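The structures come next, written out as structure tokens.
The two complexes that follow have chain A in common; it is paired with chain B in the first and with chain C in the second.
Entry: the complex of A and B
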């Protein structure tokens, strides 16, 4: 059973630190969701974990062996990056076919049959240049490289960006089928949180260069509640509990409550208690506090 | 099965309740195999660990049982057990919220009792 482990990962770009001593351990046979706001450090973290980008400080190891310049470890890692970010670079000038050929030589366990099947499934024109593809089609290439790489630890950066809802659902089903069959570990970063939440066994929340939490998705959702009602009643209910986000309007107040193990919400008929979606939890944890309306 | 998942309840609780509903409605019969967690995961596009969590709750309640190497089956007497459990929960699930809403509207207990007495049976609109 392989463990991919990052310790004290720090990254500085031109004097500004974008990752602050991040510790992260990834277990085999899990689907992780990586969520965070733009600029939180998700892509930098993924590129460092897969040794595509050197860390300023800290280490990444696979079963205790450093992954940097380690061909054996690298053969078991795949970082399928967001192609839209290549911009006008030379990489985007090559054709899809050539890009997939590079992937085939790069990943020793490459599954050509699967790649061809997915090309047909997505109706992808492989004679086109990467730069000429729509955002959605670029995402399909990201997905094909990730799945066909057969790498034990596979990282997908924004694989559903620009895909329509039918294609997104298709992707999640493909991912689950491959996961079920292979027991590979997947880390998927996405901004479309709502629909992906049920696919992730664990969620990793990155905020301002730090991992704010890494937790089983269902357990996290089971301890997050939105409480609303008369401000006094809400205040009484929240007494002694961790409140992370509040909205007020006149006498009315809404609050996001994170229960610690063993805690529960006192029962009161005069407040509304609602379960929250992962997206709402994310906004409550990472959103800026609103100015109090006067 | 084949219901649509909502956000209001934990996914694994919904999986559990859907299987219970199917047993109550004879969609799944006693001593019959229920879909595997992988089949459930595929149907709903959810993580198999989440589907397993729902199924395992039903094993704990002796509504499903595991046949090694074959899969999960509906236990004998499961239907009666689910109905009993829901009857016991009826007070918490329905009466409590009914009383709370009545209290906030100033409806007295006597009025509530009268409303129930006058309501038509089997949920037909009056």
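Entry: the complex of A and C
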């Protein structure tokens, strides 16, 4: 059972630090959801975990072996990047066929049959240059590379960006089918949280270059509540609990509460307590500390 | 072994493009009537000129593909989990091998036709051509490194630098360079001095080429992958 582990990962661009001593351990046979706001450091973290970019400080190991410049460790990883960001440079200049040909050469466990099946499934024109594809089509290319690579640890950066809802559903079904069949570990970075929430076994929340939490998705949702009602009543309920987000409207107040293990909300009739979706939890945890609703 | 397949395919593609470009250029010259064939048969004329075109077109094709290596393939290969060491070594060996194959191919073709080639070729033309090929390619490798390190600004600065170098070389040839070159390649002057010049050009080209790849190695080692 392989474990991919990052310790004290720090990354500095220019003078600014975008990752601050991040510690992260990825276990086998899991689908992780990597969520965070724009610029939180998700792509940077993924590129360092897969040794595509060097960390300013810290280390990444696979079963204790450093990943950096280690062909053996790298052969078990795949980071399928968001091609839409390439613009007019780099890989976007080449044809899809050529891109897949290079992937086939360099990923040792490449599943050609699966790649061909997915090309047909997505109706992808492989003779086109990547730069000439729509954003959705580019996402399909990243999905094909990720799934057909058969890498033990597979990282997908915004795989559903630009995909329509039907294609997104298709992708999640394919991901789950592959996961069930192979037991590979997937780390999926996405902004479309609501749809993907059911797929993620664990969620990793990155905020301002730090891992805010890494937790089983269901356990996280089980301890997050939204309490609303009269400001005094809400304040009484929330006393001694971890309040992560608040909104006020006149004398009414809403609060997002994160219960610690063993904690429970006191039962009161004058407040409304609701379970939260992963997206709402994300907004509560990563949003502004306090918002004054008008 | 799988990786080797990629590098061999890439190298052979480059040689194929170079050979094709030289052939197209030869055919254009043949039909445009700008070259006087004199007493030579078509076959002799082609054998005489194709190696020269192969050297010139080949050097340019290898150089341009060398830039695409820096602009496209380095990021792409690293995104496909290729180590930086392998990318640098693969690029260096493939590009150098391409130059060597083009040089040897040209020499063989030329030698088949011109008996005298082997007498003067060994001392002047081969080292001179090899040095020029390495020198020109090193400029393009340096351009690729500038793109990797400084992006578009690097491209602009390097282009300005090359425009200046091009201008200086143009002025040199306009003044006295072309006669010096034709004397050298035409077999005038003492054999020893011609050998010294040929070897000096080869050494200069090799040094430039080496420096360009050392810079490439250090730049690739720290570059950020965006693709």
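Please note the rule applied: the second predicted complex is superposed on the first by the 288 of 294 C-alpha atoms of A that agree within 3 Å, B and C clash if a C-alpha of one lies under 4 Å from a C-alpha of the other, contacts with A are read in each partner's own complex, and residues count from 1 in each chain.
Keep in mind that, in the parts below, a contact is a pair of C-beta atoms (placed from the backbone, for glycine too) under 8 Å apart; a residue touches a chain by one contact, two chains touch by 3 or more.
From a predicted model like this one, the values you see are computed outputs, not experimental measurements.
Superposition note: with chain A as the common reference, chain B and chain C can be accommodated side by side. Note on the composite model: angle chain B-chain A-chain C, taken at the C-alpha centres, equals 150°, rounded to the nearest 10.
A simple residue count on chain A separates chain B from chain C, and the partner touching more is C. In the superposition on chain A, contact is made by A:172 with chain B only, not with chain C. With both structures placed on the common chain, the touch criterion links A:53 to chain C but leaves chain B unconnected. In the superposed model, A:107 makes contact with chain C only, not with chain B.
In the superposed model, A:81 makes contact with chain C only, not with chain B.
Using the contact criterion defined above for the overlaid structures, shared-chain residue A:235 touches neither chain B nor chain C, since it reaches no partner. Shared-chain residue A:222: touches chain B; no touch with chain C.
Nowhere in the superposition do the C-alpha atoms of chain B and chain C come closer than 28 Å. No residue of chain A contacts both chain B in one complex and chain C in the other. Residue ranges of chain C in contact with chain A, taken from their complex: 2-3, 5-6, 68, 71-72, 75-86, 222, 224-227.
Residues 5, 7-12, 38, 41-42, 44-50, 53, 100, 103-104 of chain B are the ones that touch chain A when the two sit in their complex. Interface residues of chain A, counted against chain C in their complex, comprise 47, 50-54, 69-71, 74-75, 77-79, 81, 83, 85-86, 89-94, 99, 102-103, 105-108. Residue ranges on chain A touching chain B, taken from their complex, read 31, 169, 172-173, 176-177, 179-180, 198-201, 217-218, 221-222, 269-270, 274-275, 277.
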